[in-house]
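Just below is one structure, and these are the notes that go with it.
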Amino acid sequence: MFKYQVDEHIYLAITEMRHAEALHSVIVENRDHIGQFLMFARIQTLEDTKSFVQASLSNFAAGTEIPTCIWYDNQLIGSIGLRISQANRSASIKYWISKEYEGKGVMTKCCKAMINYAFRELKLNRIEIRAIKENVRSRAIPERLGFKHEGTFRQDVKLNDELADSSVYGLLAEEWNSGS
Amino acid sequence: MFKYQVDEHIYLAITEMRHAEALHSVIVENRDHIGQFLMFARIQTLEDTKSFVQASLSNFAAGTEIPTCIWYDNQLIGSIGLRISQANRSASIKYWISKEYEGKGVMTKCCKAMINYAFRELKLNRIEIRAIKENVRSRAIPERLGFKHEGTFRQDVKLNDELADSSVYGLLAEEWNSGS
Amino acid sequence: MFKYQVDEHIYLAITEMRHAEALHSVIVENRDHIGQFLMFARIQTLEDTKSFVQASLSNFAAGTEIPTCIWYDNQLIGSIGLRISQANRSASIKYWISKEYEGKGVMTKCCKAMINYAFRELKLNRIEIRAIKENVRSRAIPERLGFKHEGTFRQDVKLNDELADSSVYGLLAEEWNSGS
Amino acid sequence: MFKYQVDEHIYLAITEMRHAEALHSVIVENRDHIGQFLMFARIQTLEDTKSFVQASLSNFAAGTEIPTCIWYDNQLIGSIGLRISQANRSASIKYWISKEYEGKGVMTKCCKAMINYAFRELKLNRIEIRAIKENVRSRAIPERLGFKHEGTFRQDVKLNDELADSSVYGLLAEEWNSGS
Amino acid sequence: MFKYQVDEHIYLAITEMRHAEALHSVIVENRDHIGQFLMFARIQTLEDTKSFVQASLSNFAAGTEIPTCIWYDNQLIGSIGLRISQANRSASIKYWISKEYEGKGVMTKCCKAMINYAFRELKLNRIEIRAIKENVRSRAIPERLGFKHEGTFRQDVKLNDELADSSVYGLLAEEWNSGS
Amino acid sequence: MFKYQVDEHIYLAITEMRHAEALHSVIVENRDHIGQFLMFARIQTLEDTKSFVQASLSNFAAGTEIPTCIWYDNQLIGSIGLRISQANRSASIKYWISKEYEGKGVMTKCCKAMINYAFRELKLNRIEIRAIKENVRSRAIPERLGFKHEGTFRQDVKLNDELADSSVYGLLAEEWNSGS
């Protein structure tokens, strides 16, 4: 597969349509859990997942998104994507992971890989991560990676009919280059 | 014209292709000045302006943008637009105004009109304004209108080959409803 | 709203997708009545109305149509649209109004507004109105506004599986400018 | 070729992109002459002709147009097209012919073929021909074919920066069926 | 109709949407039989047939396909299409015919017409026919027409969940010109 | 990068727009050499290369192509792509490599990787390679990999205004699975 090897167990692979069913299964199993993240919470049917994948692929073809799935020992366990603004040389990272694999540092490693990709290969200058403020585990990832907390957006995201605040974190290429 | 009357001199009108030449003239005359705002700074030719207008009209047709020009005594003097996320019931406002009309409260009045439109007609819940941090005059607008400063994004915007920090402000429907 | 104020009660507003449900309700309530007009008679479901609105918005973005709804005391009561041929500097007006509001001069006022818009703002030269020949009330509008009867088209329009003749009226900018 | 044989010398063939150069040559040679007809007068370059052909082919694929060229002894000498409204079971015919072949009854024969195609194969009910009022030769065609003069549209068509009146003629299936 | 007259009974006509129902009927009646050919075997519903026709028309508008139906005494009995590569000046022919009309030389005559069209009008240089290896009758057509057998592709085509070998035949313009 | 590691020096990476300039340089340097292969020979300008990349990305998004560049010690040295027919569970491989890297087994290794990807990950059943018959080096690749020679297509490909024969090779999943 066309992949970015993160460690001996984990790799990221560009999301393809043939992954839609595996992706949908993990979303369905983790619906409540994913609801704490910024993405995917509105997906209901396999058709929704396929539309989501098709839109991501169109964005990839347009150069505005790097959509990937996270694989652990060849099993799909989550996703991580990069949304890119070439004009501002910046990107944002969005991610979620199956509950079962949480708390093992997988997400942090995957983010690190995406950051390396964004700064070193795509030559971007700034990366943003936006997490639900209440989701301590999700916020811990940018904090652990040296992102600066740059703001708190009130009622920024609508999830399950409720509006949640989000915490926004930023990282600059110069910080990453010096720091890792 | 299909317009939103702001006061006896000022109205906002949905940007149409027939406005492209007037719009382009004001952009060209104000290039240095506009460079301090978040939009339009990359437009060079009339073709660029027309492409910009066409993209805005497509967004309007898709329901994701309300693109308007600001008219003062029937003269085009700037623009103000609403980018909408129905999913999160939120929007952001972007604006710029000709140097000649700055400092007369025009922009503040236009933003107020857009906020009323967003909260009362579109029933949105949150509005964001992002201004270049160094542009005190631009930042004064959300501050004057009761927006909360929610964050400062470092190196967020590339303008004239330099990266500038931006100040992000948020306003909730409940704040506006109670406050105006 | 972005509107064209016709009088203290009536305004025209660019049709947006969020109006689709209100628009559909009026169409459904007035199906038999609207069947006498040239438009909308083939709409059955809310999906049809939404497709119709989406097509109109695409035409608006392409600069070939000004689709508006007619509002009376903030209630949607009909629609009036302008189809534009820039090449020939001409346009046609199509309209219908809820039965309840018929006979009060509302439609005549709305047409007058559209004609002003077409001649004075869009700088067009000719406007055409085509009405079902049998629909005396509909034909009365162009006649009252000074349009010349320019032709009668036999079996021109298929409505409810029947073919109806249409009366075609034309008005030139020079006539309107001198006459109103 | 996929054609409609009109007589032993003349046939109509669906316009294809490979005909664009031959078509463009005839348009260029006949520019002043064609200016008297309703179509093609705005074409300047071969690119314009190709765009015109491409648009016609898209309409053909959408079922709204039958675009054909007129061939005389295997030489392209003009064009004739049918614009179709399935909803109203009607169509309009537009045509022009090279000056050299005018006055020989070619155009009348081609129209007759198109009318047969429209009424007998496409099962349409009404055909309209619109000619420049001043162009006596062009108007003679519908008159000769039994069309009824249904109206005169003032300043209906802009040709070479002048506005011309048009004469509109209609023919019903029942008239053709009984009459030919 | 716009057609290519093959003999006094048979003609080919560009496939139009209005033929979809007649086409679908013949496909349904001949499903088992058509399964031996390379095309159409996956069509189930009238919607499938319409999608197929729409795709063919888009290809025709793009200049990459000449899709036709075969008519015998004004009855639709099969289809034959040309897929074109302008870059390589080559094309392939695909065909099927209703069981009832098989064995009468109809298909051979239709192919001959298409070959003449491709070599003499479209000025192509090479034509390919690919037939299911097991379908002796289908293979007999290129053999009878002087095509050279150029290869056998193993498990080339999936039909009814089985993989079939195909026989590929080629014919060059120089061979046809000298030979017929 | 999202890549398929072939050996310690070589990897394949999905072609992205940011690779267009590097890709174009290698094409320009190798124009005569590439002319012996089936692809890219018609590219002249950087714009051509960008159009080619954009078309490949659209195909990737549609699931019909896996377009990759070949990298050797992080330098772009050629390309290899997979065109997929899901309906027939088959694909074809197209490739070219910079002259400098020819004769070192790079291409054979890259094909092997693509074949593994096609059979094991995409679960396809048949792979085709088509090489210019005169290009002995290019033909050696499928022969070395165990493909069966299934046909020779006369005047199949137009390269530099000349028509060349092609040799077509096929490989089945069952052959690969048993043989490697």
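Note that the chains are named A, B, C, D, E and F in the order they appear, and that numbering of residues resets to 1 at the start of each chain.
One rule holds for everything that comes next: a residue touches a chain if its C-beta (ideal position, glycine included) is under 8 Å from a C-beta of that chain, and two chains touch if they have at least 3 such contacts.
Quick caveat, the model's predicted, so the values are computed rather than measured.
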Open item on the list: Treat chain B as absent and tell me which of the other chains still form joined groups.
Closed with: one piece
TODO: Count the smallest number of chain-to-chain hops linking chain B with chain D, moving only between touching chains.
DONE: 2
Open item on the list: Need the most distant chain from chain B, centre defined as the mean of C-alpha atoms.
Closed with: E
TODO: Can you check how far apart chain E and chain F are, centre to centre, with Cα atoms defining each centre and the answer in Å?
DONE: 30
Open item on the list: Centroid from C-alpha atoms only, then distance chain D to chain F, rounded to Å. What do you get?
Closed with: 49
TODO: Between chain B and chain C, tell me the centre distance in angstrom, where each centre is the average of that chain's C-alpha atoms.
DONE: 32
Open item on the list: Residues of chain D that contact two or more other chains, please.
Closed with: none
Open item on the list: Once you draw an edge for every pair of touching chains, what topology comes out, line, ring, star, complete or other?
Closed with: ring
- [ ] List, in order, the chains that make up the ring, beginning at chain A and going on to chain F.
- [x] A, F, E, D, C, B
- [ ] Under the touch definition given earlier, write down the residues of chain F that touch chain A in their complex.
- [x] 1-5, 12-14, 16-18, 54, 57-58, 60-61, 63, 66, 68, 117, 121-122
TODO: Spell out the residues on chain B that touch chain A in their complex, using ranges where they run on.
DONE: 42, 87-90, 125-126, 128, 148, 150-158, 163, 168, 170, 172
